[in-house]
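Heads up, the next two complexes both have chain A, just with different partners, chain B and then chain C.
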Partner chain A sequence: MRFGARLALAVTTLIVTVTACGAPHGGGSQPRAGQDCGPYARYGEHAGTTVTVYASNRDREADLFEETWADFAACTGIDVAYEGDGEFEAQIQLRVEGGNTPDVAFFPQPGLMERFARAGRLKPASAEVAALAKEGWSADWNGYATVNGTLYGTPLVANVKSFVWYSPAFFRDRGLSVPRTWAELMDVTEKVAASGVKPWCAGVESGEATGWPLTDWIEDVLLRQAGPDVYDQWVSHEIPFNDPRVIRAMDTVGSVLKNDRYANGGYGPARSMASIAYQEGGTPVLSGDCAMHRQASFYAEHWPEGTEIGPDKDVFAFLLPGTDRTSRPVLGGGVFAAAFSDRPEVRAFQEYLATADFATARMKKGPFVSANKGVDPADAATPVDRLSIQLLQDPKTQFRFDGSDLMPASVGAGTFWKGAVDWIGGKGTEPVADSVERSWPRP
Partner chain B sequence: MSFDAVAQQPKLQHLLQGVVAFAAVVCLILLALHRGPARRRGAAFLLLAPALLLLTAGLVLPGLRTLLLSFMDREGDARVGLDNYVWLFTDPEALIALRNTLAWVVLVPLLVTAVGLLYAAAVVRSRFRALALSLVLLPMAISFVGAGLVWKFVYAYRPAEADQIGLLNQLVVTFGGTPRQWLVESPWNVLFLVVAMVWTQAGFAAVLLAGAIGAVPGEITEAARLDGASPRQIFWRITVPLIRPTLLVVVLAEVIGTFKAFDIVRTMTAGQFDTGVIAHEMYDQAFRYGETGRGAALAVLLFALVTPVVAYRIRAQRSAG
Partner chain C sequence: MSRVRERLASRAFSLTAVVIAVLWTTPTLGLLLSSFRPEDEIKTTGWWTVFGSPHVTLDNYDEVLFGSANASGRLAEHLVNSVVITLPSVLFPLVLGFFAAYALAWIDFRGRGALLVGIFALQIVPLQMALVPLLKLFSQGWLFLPAWGLTGPARFTHVWFAHTVFALPFAVFLLHNFLAGLPRDLIEAARVDGASHGTLLLRIVLPLAGPALVTFAIIQFIWVWNDLLVALALSGGTAETAPVTVRLAGLAGTRGNEWQRLTAGAFVSAFVPVLVFFALQRHFARGLLTGSVKG
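Our next item is the complex of A and B:
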């Protein structure tokens, strides 16, 4: 026992020493020599402070973010501690409930952000951030970050979902031109089908999110057929989910995607979509087994290595046309930056994220789209990004946010996705729409 | 990605502090006990205190809170009475999760025990007993997530004209069939998930049962043989009744484990295509949909279903010992 007691004493002493040494010490970065800190002077000096950022972007996307704000961090002395997590949507709730709240979070869904705003967890945007938001983004965009009239965040990333990817060579060889109206699109579809190739291909398997490419399709068509106002009413549940206009939009999508003559090019019957990973959905476009793949701008990253993107390269994209040549409905998505704390350094960082300077700096580093009016499309890294920015800045564009991201999560990330998968598997439009309507949470 | 010790320093420090704090508590208890011949009851309490504290903070309090939350709305603010439980037994999706859990709880223990028993009986007298048991135990060394991914590939679908990447569809194509979407077609897809679970668990059953069969006294089987019993009669009338306690342990362990099945569903289908089970639906509701009340109600239901089995198992163990 004597030995035990001595050991215990020794360990206790060791502990005290180690704990004392292990106390956190101030972080912060130092400006490098010869760095121009002029543009960052307005954010002030915050030496020794840390801002924690929590987001879903990992790997290369995360690196590009960190490279972008490296100068800001060095000049202001703020240590920006970034953490990317593929399970962001589920984990953010645990982090906040568990008292491990980040200072700033990048929300990929406005609905999720709204939940924390309503719960009183998020801090309203400062006057400076609000002014930058008003200057940088359209009312549509800022509206998605506003809850009960209070602005909580700013759009950080934008993406355009209404793209149709195609092979320019395939179109050229068959004398097809890029369709500008819905009727022309159906005309191209029929011509390709008549030549023995299934015109459309898609993959909707995406783990727990399986089905989302289908809900995007339905939203896109509803936005075109019924217009933005009906679309907004549908998303906010002022009209029921199974409104006749929604049924009509779903049936229109069904006439393409559930049609074994038109889909699933390269992958067999239309039903096969549920087994094909969304990342592989468009691959048959390259081999000529499929003519068109409707998918967002970010699909650019999923083409096999070495695929070149451009108007006269391997693949390119056109805007899913509206009913006529003049209408330009664009369905898209985005990421919003919002803050859980209002310390001066957090305010400064949030302000920096809201500037066009940040968006431009990020665009110059690699593929990235911002809806900020102050960015120059010429700075975009890829032709599709350039096209996206041009569309987003075009005053004629009617931008609408991906509806499933705005609906209550149990519908938008639950029953709507699942229902769409059942629907592509052969279930009828009405039963699916009715069951989604029934699942809508009561207020 | 490489492990950057410098960037991970804060986490390493946390880890170190945790380990150190644990060691400190143990040391303090040892020091206190060392003080002298304390009364035995006091010493017992001191030794039990950390465990009791951890149990209260980590199990009892969260359990009570979950029970409370199951009567609240999605934000956990307002009382809604039994609404969450009504939802649990009326919502089509929740009912599918209940149906699937029932199928899992019936099928997995049954299949695991049957496969394990037959395998054990087949190899127990063989020269390759050790090798054969190690082989069937191998899947247990793989995590459920790993097993789920392996089986997801086994069931992978590619169109008939393309090269198959899934083992099962390759077999089907080899024998002239057309590839099928095994994980998509309900309700059979539930069975394909169950197969993956059985694959991971059969080894556990086989090893335990082989041990029990090996322990059956040779005199009894020999006597039976002399009396003219056929091998089949010996197996069913002598071996199985004698290893009944072990069989019970295996079945009950599997029932408890299967109720909580989550990983395999999550990795293979994420609850899509009508394959959800209670544990997975609970996660979806509470963490993906923000429906805290419904998630809590599912957790309470799961707890209520598992508790009798656990209680029965403890009692069975006591009476056996």
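Our next item is the complex of A and C:
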């Protein structure tokens, strides 16, 4: 055979093989024998249908999601095709623009979701989903998924960012108690510093997102010092980014984190934070080289393997206190599920995600926090998750969403992060705040 | 020319070359050694400590290759996808580009010059610009073209199509320059003997064009194998169609705390192109000159 003929044969063989491999492997969603499909009867039968889900959660979180809705999928006959992608924020725009839109997307930023809602791409939530949302979440939470008075999605995951991780043994040995007010917190800080240990540690390196742990710190303190109303105005840019109250909050954070006496415990001078991976920021708490590490509930996954979490274990967390004992400001984040199509099976799936049953089932599988009022904190997989849920359900809690996720991306995921890194590196508060203000997109 | 060669062959230059090569490969060596170390050691100490306390394990490779859940690599499945994506994406532009280059070099037709310039000029179009239009073409159709409406494994076609389209201008450029440099006497002699274009192409030009074809094949193979952007945008990220690169990008976990997998993952992914390169290296060195020096 001549070369050309052989080539043609090779190509043909290849195509045939590929097509053969591509033949559909038998449908996966069959109710298993002996399975109780009662709870899923309300979602109806949708045999042979597929719902595609696109999200940024991958790895173990993806496995846990898939296990959670496996029963739902088997009973309704819906094949839930889940895809987790680290490039979610950039890719979702490409997909929607290009017409390769997923049925359901899990948005980690309400701002991003709002953009698709305003562009008319997202489908408004059905009456059933809206009713479930009203029943399950506070008005604040539903507000993040509401655009121009229309609800587009439901909160799926919640996380509490205002936690301070500490070692209960370290506190016990020094006779310290968990601070309940900001003044008490500063008191503990000073006592620890006087004993020769730097009280705070932090790491802010996080690849392209380097700086975000610092912006969380600043938001947390602003929320406490100036109150939720000023915080809201700041996030929506009704007051400038470099408002005197914001400068004051930054200086307060600076008095702790930029102070070589107070930080960076276990790592060296305060400015070392910029080069420490955020995943390792709290490790010195275990060795006693650092007393406190302010980081979100999900930091539970970053402690070295074998670290036990609990009020009398290796590490635990307390809420970053407010100015007095009665105020309970909580900074947090969340993921929202919204749909790009309104086929019956997509509706059914969205409805299922909006139930407390889903949240409870997911919680029982592994670390997970939902802001749904219908979940029982006792079902939480870890003590910190339980604490988070209790905080989120407490009517006295003033929950505010992470500001950098709500600001325009060029600021919230850009100049604010970079400015914070310059700031921890030694640049003054005002020049940094001024430059972030200047970078705010003009309408 | 010969003086330059003498200088470059001198000892000082050889030494510099060796130093540069060592500096260049050290990080890769570190990555390779790390990939055999246990997870907690990778995360706590540097790779050079392996010489002091050699704890060697294949766990990382086992995890990234043969895991079955999202929380592990599953690279074995994705390797198959990578092969399925790469081979046609190399063969299609190679064959089409070869025919086109022959026609443009040896068949006289009106507008040949303009067509040639047009094709060469297309090389400067960045492929990022074409992603959204391509996606629209696939999902909605364009003008009289219907939507492709492909799902599941059929979506490989998207990736093949995109890679072929993006590669063609360069393929035509490289192969045309080579084919145009073949001796005119040879082609004409064959024509006089009554060879049709088909015979000429397969009997005379193809055997001579080996180095140029291999060069293009290697460049294209490595490009497609390492491509993340096109795969991410067009293949869909599920284990059904996504190549190794897409999986690698997500291997470190949602919060980047599983990065020990990247060491082994990187080598699994790099192994195939390295193999291809070494197998065809001899032709490659010869072929590199084809685009630049005629005759």
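Heads up, the rule we're going with is that the second predicted complex is superposed on the first by the 415 of 443 C-alpha atoms of A that agree within 3 Å, B and C clash if a C-alpha of one lies under 4 Å from a C-alpha of the other, contacts with A are read in each partner's own complex, and residues count from 1 in each chain.
To be clear about the criterion, a residue touches a chain if its C-beta (ideal position, glycine included) is under 8 Å from a C-beta of that chain, and two chains touch if they have at least 3 such contacts.
Just so we're clear, the structure is a prediction, and the values are computed from it rather than from any experiment.
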item	value
Touched partner set for A:Val421, first chain B, second chain C, both or neither	first
Partner chain(s) touched by A:Glu301 [first = chain B, second = chain C, both, neither]	second
First (chain B), second (chain C), both or neither touched by A:Gly207	both
Touched partner set for A:Leu94, first chain B, second chain C, both or neither	both
Contacts of A:Ala62 with chain B and chain C, given as first, second, both or neither	second
First (chain B), second (chain C), both or neither touched by A:Gly84	second
First, second, both or neither for A:Ala371, with chain B first and chain C second	neither
Which superposed partner A:Ala413 touches (first chain B, second chain C, both, neither)	first
First, second, both or neither for A:Leu222, with chain B first and chain C second	neither
Shared chain A surface residues [contacts with chain B and with chain C]	4, 11, 14-15, 18, 22, 24, 59, 94, 207
Chain A to chain C touching residues, read off their complex	2-4, 7, 10-11, 14-15, 18, 21-22, 24, 56-63, 66, 81, 83-87, 91, 94-95, 97-100, 206-207, 279, 298, 301-302, 304-305
Chain C - residues contacting chain A, complex	40, 69-71, 84, 87-88, 91, 95, 131-132, 134-136, 138-140, 152-154, 156, 202, 206, 232-233, 236-238, 249-250, 252-258
Chain A partner contacts - residues on chain B that touch it in the complex	1, 10, 13, 16-17, 20-21, 23-24, 27-28, 30-31, 34, 74-75, 91-93, 156-162, 181, 183-184, 266, 270-273, 283-285, 287-291
Touch list for chain A against partner chain B, complex	1, 4-5, 8-9, 11-12, 14-15, 18-19, 22, 24, 59, 89-90, 93-94, 115, 119, 207-211, 266-268, 271-272, 274-276, 408-410, 413-415, 418, 421, 425, 435, 439, 441
